[in-house]
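Think of it as A, B and C in the order they're written, each chain with its own count starting at 1.
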Amino acid sequence: MSVSQQVFLRDAMRRLNLTRDVFAARIGVKRRALDTWLLPEGSQEARSMPEVVTRFVTEIVDNEALLKKYAQSAQSGPLRDRIAADGKHQLLSVDQFSRESVEELFRIADLMQPIARRQKVSRVLEGAVLGNLFFEASTRTRVSFGAAFCRLGGSVCDTTGFTFSSMAKGESIYDTSRVMSGYVDAMVIRHPEQGSVAEFARATNIPVVNGGDGPGEHPSQALLDLYTILTEFSRLGKLLDGAHVAMVGDLKYGRTVHSLIKLLALYRGLKFTLIAPRGLEMPDYIIEQASKYGHVIEQTSSLEQGLVGADVIYATRVQKERFADEDLEGYTADFQVNKAIVDKCCGPDVIVMHPLPRDSREGAHDLSVDLNDDPRLAIFRQADNGIPVRMAIFAVLLGVEGLVQHSLRDVTWSPPSHIGPDDSVFHGMD
Amino acid sequence: MSVSQQVFLRDAMRRLNLTRDVFAARIGVKRRALDTWLLPEGSQEARSMPEVVTRFVTEIVDNEALLKKYAQSAQSGPLRDRIAADGKHQLLSVDQFSRESVEELFRIADLMQPIARRQKVSRVLEGAVLGNLFFEASTRTRVSFGAAFCRLGGSVCDTTGFTFSSMAKGESIYDTSRVMSGYVDAMVIRHPEQGSVAEFARATNIPVVNGGDGPGEHPSQALLDLYTILTEFSRLGKLLDGAHVAMVGDLKYGRTVHSLIKLLALYRGLKFTLIAPRGLEMPDYIIEQASKYGHVIEQTSSLEQGLVGADVIYATRVQKERFADEDLEGYTADFQVNKAIVDKCCGPDVIVMHPLPRDSREGAHDLSVDLNDDPRLAIFRQADNGIPVRMAIFAVLLGVEGLVQHSLRDVTWSPPSHIGPDDSVFHGMD
Amino acid sequence: MSVSQQVFLRDAMRRLNLTRDVFAARIGVKRRALDTWLLPEGSQEARSMPEVVTRFVTEIVDNEALLKKYAQSAQSGPLRDRIAADGKHQLLSVDQFSRESVEELFRIADLMQPIARRQKVSRVLEGAVLGNLFFEASTRTRVSFGAAFCRLGGSVCDTTGFTFSSMAKGESIYDTSRVMSGYVDAMVIRHPEQGSVAEFARATNIPVVNGGDGPGEHPSQALLDLYTILTEFSRLGKLLDGAHVAMVGDLKYGRTVHSLIKLLALYRGLKFTLIAPRGLEMPDYIIEQASKYGHVIEQTSSLEQGLVGADVIYATRVQKERFADEDLEGYTADFQVNKAIVDKCCGPDVIVMHPLPRDSREGAHDLSVDLNDDPRLAIFRQADNGIPVRMAIFAVLLGVEGLVQHSLRDVTWSPPSHIGPDDSVFHGMD
């Protein structure tokens, strides 16, 4: 088997769309045995899966794949060709993904996990240079992309700040993009104006990743959000089909929720409850789009009502800087997601997410810090997932995803077993 | 043969100073055969050159070199010793170059082309650290130097902005330079004040490259400009000796044209037409210097008159920020190089250059975008050449140019065949 | 012998606390022979030490170590566990060190010298990423940490400037630290507020290095200062025990001298003369602390009086930006350390240090430039030592110090024999 046991099994469950319980039953093994096979290599309780199970699962997946192949003739060739934007290997929007292609990307993100968790090192992109062009400050996103590229062995050239020196002198985006393309092998672009990343992308044939274009898109964030939900659900024994997702906060300007809802709409039978203060409701066109695919959408301005029975709470920060002059009267403490309301409205299996940063100042009404040591708070696991997902994006766009597996070496240094002092340890579950 | 066939042939033609046509005649092969031997390895139409041709060309070049050796006893030892500034391996001014040494540098730049074109990877400077010190914002130059160093396997530490924290506290250039020299293995310095890079260079023995010192010099730009002209001329079957170069725009403050004219003056029998608005004419001392070497120099304020018959049009931006209060009345739309005037005054073999950035805003009168898909527009090929030329500069100053050839490995990722969507493909010519 | 001869001998002398003269006498060899064994590999005059000397020294050191082991049971396990802060592999304060552990760190810094001097290259941290987070500008410190990490083979992600974009949006240090920890393998943090680096450190389990927290600590500076004194003393044939250290300038706000005095207090019988203008005297609690350990401390406002007989002069800059409104009348030209006063008060073996930057502007009264070509001026050797000491800190905190020795390769490029044109060459002494 060329990939690790965990990657193999997680991919199989995703393809077959089965929870751990149902999958264990399908192949006739105990749930507990399956859990130990899914532990990261090197965990004390990890066990090797018998060869016969490998063969059985392979056959099931192959049969399923065969059926799908007859149904969809479109899916063929490398992933980067199937998700291409205008024929180019660029990631500009979540609209480039189907359910199949997004899950294929996540299979590659799973391959990256041993690197992201500092068990393995890869130099597969040695010699490649990333242009990390941030025309708008966003330290965490910039470092996340940069670190992901470095972990594949590449080098990073950063530019930061609102003014790109040559653009201040009247240089067009066309010229800037084409010139930078002669220097680097891929570009991540963050820009305050919607559409400008696409303009950059049109002027070059090298891979471009949209790192956020103002009120436009931020596809890598939506992808890591979906990856987080699927990974958490796998641990919790849930399927995304039929799940209940509650979104809270600024649903009007928050591009994160707009992109995430589009990706979630690729699944089946979801229920969305959208909880926003007056004036910050989700735009109608996004609601219509999601409804068209048969999802149930409910809007409310009552946090308590909207959270009841949720599987996922996705809280967002009200980005006051985006609407300085508008009225924010409706945005009160009643919108704060905290331990009390989560305990009251949701079960022990809910996960609480947030794209970060969250505003922890007094009176900000953002996601409360009183959940910090609660295992349901998934925000740091979510942020951590930025590394494997962005590594997968780079690997796919540069066409090296097939080389990663064989490029792995053991790390030389000794990383801590848990990077955060409050990180939850799920009793051997991953 | 230790170097690739193309590097060997291009170097031979440069040393013998022959066009492709004349060189093909000299060795008794068809021009078309020579063209196919000059294609990059991996092109569909590339062909291997017979061994007998290699031996023949080697003998011609050796004989020529022998004759030159008698004539000039100065040329010996490594290139970095011959171009040294005050005995140090530093690049501060184009004045450090002779025609022989600049062509030797370009031979090394040719060696770098497979890396710059993302066919090969080298790690020859692995472990070396570049201090990329930009006391004046210049994103493209900073990234170009940084990416060039990374492509040789080194690491880069950047500093940007007008204020270097310690210098704001009264630190001298002497201290800053000497302290940084203890941290890094080479420094690129960009500074708004003329002479300050030389001051940096005096305080250290490590390699220093002048990345532009205000109205002073910017030697790597002039070198990549000359390299571009020679490379384009090779494709077009022209020699630089006897060529006609038209320079347009701000010839008074544009340090780029000052340095370039000095380098071009190393060749023979050139004709320069200098086209500038009133008040922005080329300084007299530069004209005198070039005249001394027997070149013809004509000054005009009529763009049309100056461009007639040009082999190279070198347009520059009027750097309004450099003379805020002065009169710019003469700088009108009549100075704009655009498709109409190029078609009217020049042949199909002219090349249009610009040091970039160009001002593409309305009313800027800078080089027009209507040439963007015209193969005569060489500005992006020119910018691309910044990478191999800067790689060659680093390799020479650090003394690793002899190790590059044997350090090459294939790239692992799949770069696009052309990095710009509008890049000209010269029907198999390179 | 697994380490080089020089590392072995320097470590032995430090452990036995013997000068070169006494050590040579102890093992029955000529002082001159010992000096040649201590020269860097590759020096013309370097000689190999006979095997019998190795065995003899090993036995002496082992016996000494055995005696110490009975005396102190605490010392065991890897260095990073012994210097841990709250059980974590983090360097926040010099208080984490004992005399034994600081000397063990310096033994590792010695191991790094061939890399810092560009004779060898190591890639032992290949794949690791450093987050170099500077919330306050400090270019030299940032580049020194960054270059040190690069020289171990790692990659660096920098953030600079007073505003971290997400913190400006109300993000807590807890969130910022935990999120960055998911991206990188170690963090260096510089912050203008005392205690904030410790707050960063509490929110993560990955290695954190305090790069300076306002008036708080800057432990890597104090460590490289002590390393410099010990290294210079070794060359001069002096022991630190019983030495006379004069500190000059702003002793009230200068955190550098506070931390250094704490480290020096780990040694025995030192004499400190503290020379400060009125209002900038050393705080009482530090004087009391050092006195407690039996050191002699004298305070004076007369530079001449304080310098007489000093073995070390440690000058500091008066950081005017820290006390804009306070009275600085007492800070006159009488406080300037220059060649005249050093000649008058001190012998040929004094060393003059400064944490840099020094203010070289007229009227600044900082350390004079008239000592620049005087071999007693150790300020650039001191700055250079930042690289091996910071490499040692990273290697220890990440647990790779045992891998460095076997990871060394020769450099490919040709560094200058002396990086500064005025660098002193001590006639074969190192």
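Couple of notes before you dig in:
In the analysis below, a contact is a pair of C-beta atoms (placed from the backbone, for glycine too) under 8 Å apart; a residue touches a chain by one contact, two chains touch by 3 or more.
These figures come from a predicted structure and were not determined experimentally.
Of all residue numbers used at the contact between chain A and chain B, under half are used by both chains, marking a mostly different-residue interface.
Think of chain A turning onto chain C: fitted on CA atoms, that turn is 120 degrees, to the nearest 5. Centroids of chain A and chain B (each the mean of its C-alpha atoms) stand 43 Å apart.
Each of the following residues of chain C touches two or more other chains: 155, 158. Listed in rising order, the residues of chain A touching chain B in the complex are 89, 124-129, 131, 155, 157-159, 163-167, 169-172, 174-176, 178-185, 202-206, 398-400, 403. For chain A in complex with chain C, the touching residues are 115, 118, 121-123, 137-140, 142-144, 146-147, 150-151, 153, 155-156, 158, 317, 319, 321, 356-361, 364, 366, 369, 372, 380, 383-384, 386-387, 409, 411-421.
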